[in-house]
Amino acid sequence: MSDHAYNFAYLDEQTKRMIRRAILKGIAVPGYQVPFASREMPMPYGWGTGGVQVTAACLTPEDVLKVIDQGADDTTNAVSIRAFFARTAGVATTEATDQASVIQTRHRIPEAALTEGQILVYQVPIPEPLRFLEPRESETRRMHALEDYGLMHVKLYEDIARHGEIATSYAYPVKVEGRYVMDPSPIPKFDNPKLGGMAAIQLFGAGREQRIYALPPYCDVVSLDFEDHPFVASKADHACDLCGSEVSYLDEVIADDRGSRMFCCSDTDYCAGRRAAGHRGRLSPEEVA
Amino acid sequence: MIEIENLSKRFTLHNQGAAVIEVMTGAQLRVARGECVALTGQSGAGKSTLMRMIYGNYLAAGGSIRVGGLDVTRATPREVIALRRETLGYVSQFLRVVPRVPTRAVVAEPLLALGHAPGAAFARAEALLAQLNIPERLWGLSPTTFSGGEQQRVNIARGFAHGYPALLLDEPTASLDALNREVVLSLIEEAKARGAAIIGIFHDEAARARVADREIDVTGFTPRKAA
Amino acid sequence: MMERALSILSKEKPQDGPLLQVEGLTKFYGARIGCADVSFDLWPGEVLGIVGESGSGKSTLLSCLAGHLSPDRGRVIYAGRDTVSMAEPERRMLGRTDWAFVHQNPRDGLRMGVSAGGNVGERLMAVGARNYGAIREAASDWLGRVEISPGRIDDRPRQFSGGMQQRLQIARNLVTGPKLVFMDEPTGGLDVSVQARLLDLLRGLVRDMGLAVIIVTHDLAVARLLAHRLMVMKDGRVIEAGLTDQVLDDPQAAYTQLLVSSVLQV
């Protein structure tokens, strides 16, 4: 099936070795941003070039790949990356979370608990959690090296001062294994509690910024907060209108021209699975009909 | 209390052909506790220079100045600062203060620096200001805007706030009216009575006669001009 | 404020030895001397002024002392530990606890995009403060102490005047109760009246907190008002040192005489 104009999974073997070394280093030093020589990929920056390179370095011909964008398997970004690897690596693809051995994601962690043996690859736009506070790369690297993280709490302080609460709702910074402060990529803070203690390997790739970092399985991850303003993993206060789930992360969708709105699971596989099992929501077509 | 032995002073003006000006040689002076010695001599004879050397403001070229056992000519800056804080008071002719500091705080500062309780320090400051007839409405203002006479009285109040065992007074009664002159003279007498050793410069002869036990003419310490 | 500040003063116990001991500190820029063979002791509560013209080495010396530059020779012993040979993390920890550095330009010492409260709170958070309410209270208290209305706690520094920015920088530095403060021309670039206010504030803080201060300035009036002792530098070397009023009123070295005589009466 594989397109023989390309090496397996697009990248040449030397490049994949280089990326694997960065990944192994990242796993050995959880939360630490490992520089790597990011390659030009046949897609624009911002479309997941970092995640794609990490996935390419991880894939074996036996792997089953799932790609999601904001939890959905059927959005442009997910579809095109899935097609890319189907063509260049010839690997099997799936939309079922529990069938996949490698899952590349943009901005979500699947609702279903991942298991040992699975790899979750995140697409990361800006890997440096200190970037918006300290523009100098030389200085942020020194701050990481010296665990000089007062600035990170300054950001949270500013949030509370301005909004009365920690308004950061995605890319919420975490501290890994009591050492490195890490940007979990722009996942909603609802997903933050899943980062810690996860059975799967979590890999983060930033193509434009040329950084790879990682969380090994069952790693300790703490969301930063204040004693009197503790971290809260929030979601929209609704149930899914399609499957009725009250515990999943929801997208708000404008349903028609009159502006009526509905909430549905952002994880399409999770939602479909629940509906297949007979769960129903407020607007499930079967009930409307 | 104050013992000066064979003291000499010269100024070297490096930027005026390295001219060396000998201004004092062989100065001797002893002032006991409770004694007031007046320095006399014409203007420029070295009265103020001697006083500044005792205070550590000018460096000596030779000899020694012992104040309460410390030789000022050999002391470290740190020791001189401690001496000035605890032992040696100086009322100069000019008040030099940080702008914006209220008069009350200017006068209390020597006591605060010694670690006195603020309440007691401010009470003492206010008593002295009242005694020296500084109107109460001025106590909260900076003395930088005061008249010359008022500034001089603030300066005196500051100099007498702490009961220094040794005091240097440079024209303490200059530019004062009769009433305030009387107050200052009685302050000096009180200081003597509690045992302070005082060296003063008084152009006011009557004042000098009243408080000084002895006079020393500093002209005697002036080096003879090379012919 | 004075009452409380003084109670802090009375609690300060005098230490047995110098806080800082500097021995033979030397820094070269290639073949050129930055500063050479500088030695002195600094005691708690003492303010040491370093004066000299631009290029005299005073800023180089300050940077070496504060650990921003590594000297080529010499030792800087702080509370018994050599900060020159100390590991960088340890030196940084000193930099956010016991030491403080006030820059000439507040932009170098402040985070211009962060509110006044966040600026003051940063050092607290850097040493582990994790209670928002307590951090905010400390920030508000310090804004008051440097005469900035606590009502402006959420304003950004760029909305402040130059004098206010400099006072904010001082609050940000002193909030962790440092023992040694380095100041590089702290009143430079300010109007004279604003300078006076800042000087008065600094004097009060130095006395109330028992701070040891090393202040670099080319302004002899500032040196006279703030410093107990002076070091005069020329071509990287200390050419004269002593009591501030003695150095200014009876300067011994030719250069110091020139320096003192070339400014207006101070």
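Per-chain residue numbering starts at 1, and chain names A, B and C are given in the order in which the chains are listed.
Here is the rule we use: a residue touches a chain if its C-beta (ideal position, glycine included) is under 8 Å from a C-beta of that chain, and two chains touch if they have at least 3 such contacts.
None of the values given here were measured: they were computed from a predicted structure.
Traced through touching neighbours, the fewest hops from chain A to chain B number 2.
Ranking all chains by how far their C-alpha centres lie from the centre of chain B, first place goes to A. Annotation: 77 Å between the Cα-based centres of chain A and chain B. Averaged Cα coordinates give chain A a centre that lies 46 Å from the centre of chain C. Centroids of chain B and chain C (each the mean of its C-alpha atoms) stand 32 Å apart.
Those residues of chain A whose C-beta lies close enough to touch chain C in the complex are 133, 146-151, 153-154, 157-158, 160-162, 225-229. Against chain C, the residues of chain B that register as touching in their complex are 11-15, 18, 52, 56-59, 77-78, 80-81, 98-101, 105, 112-113, 115, 117-118. The touching residues of chain C, when paired with chain A in their complex, are 88-89, 92, 96, 111, 113-115, 117-118, 121-127, 130-133, 135-136, 153-154. Here chain C touches chain B in the complex through residues 2-3, 6, 9-10, 43, 46, 196-197, 199-200, 203, 207, 225, 228-229, 242-243, 245-246, 249-250, 252-254, 257-258, 261, going by the rule given at the top.
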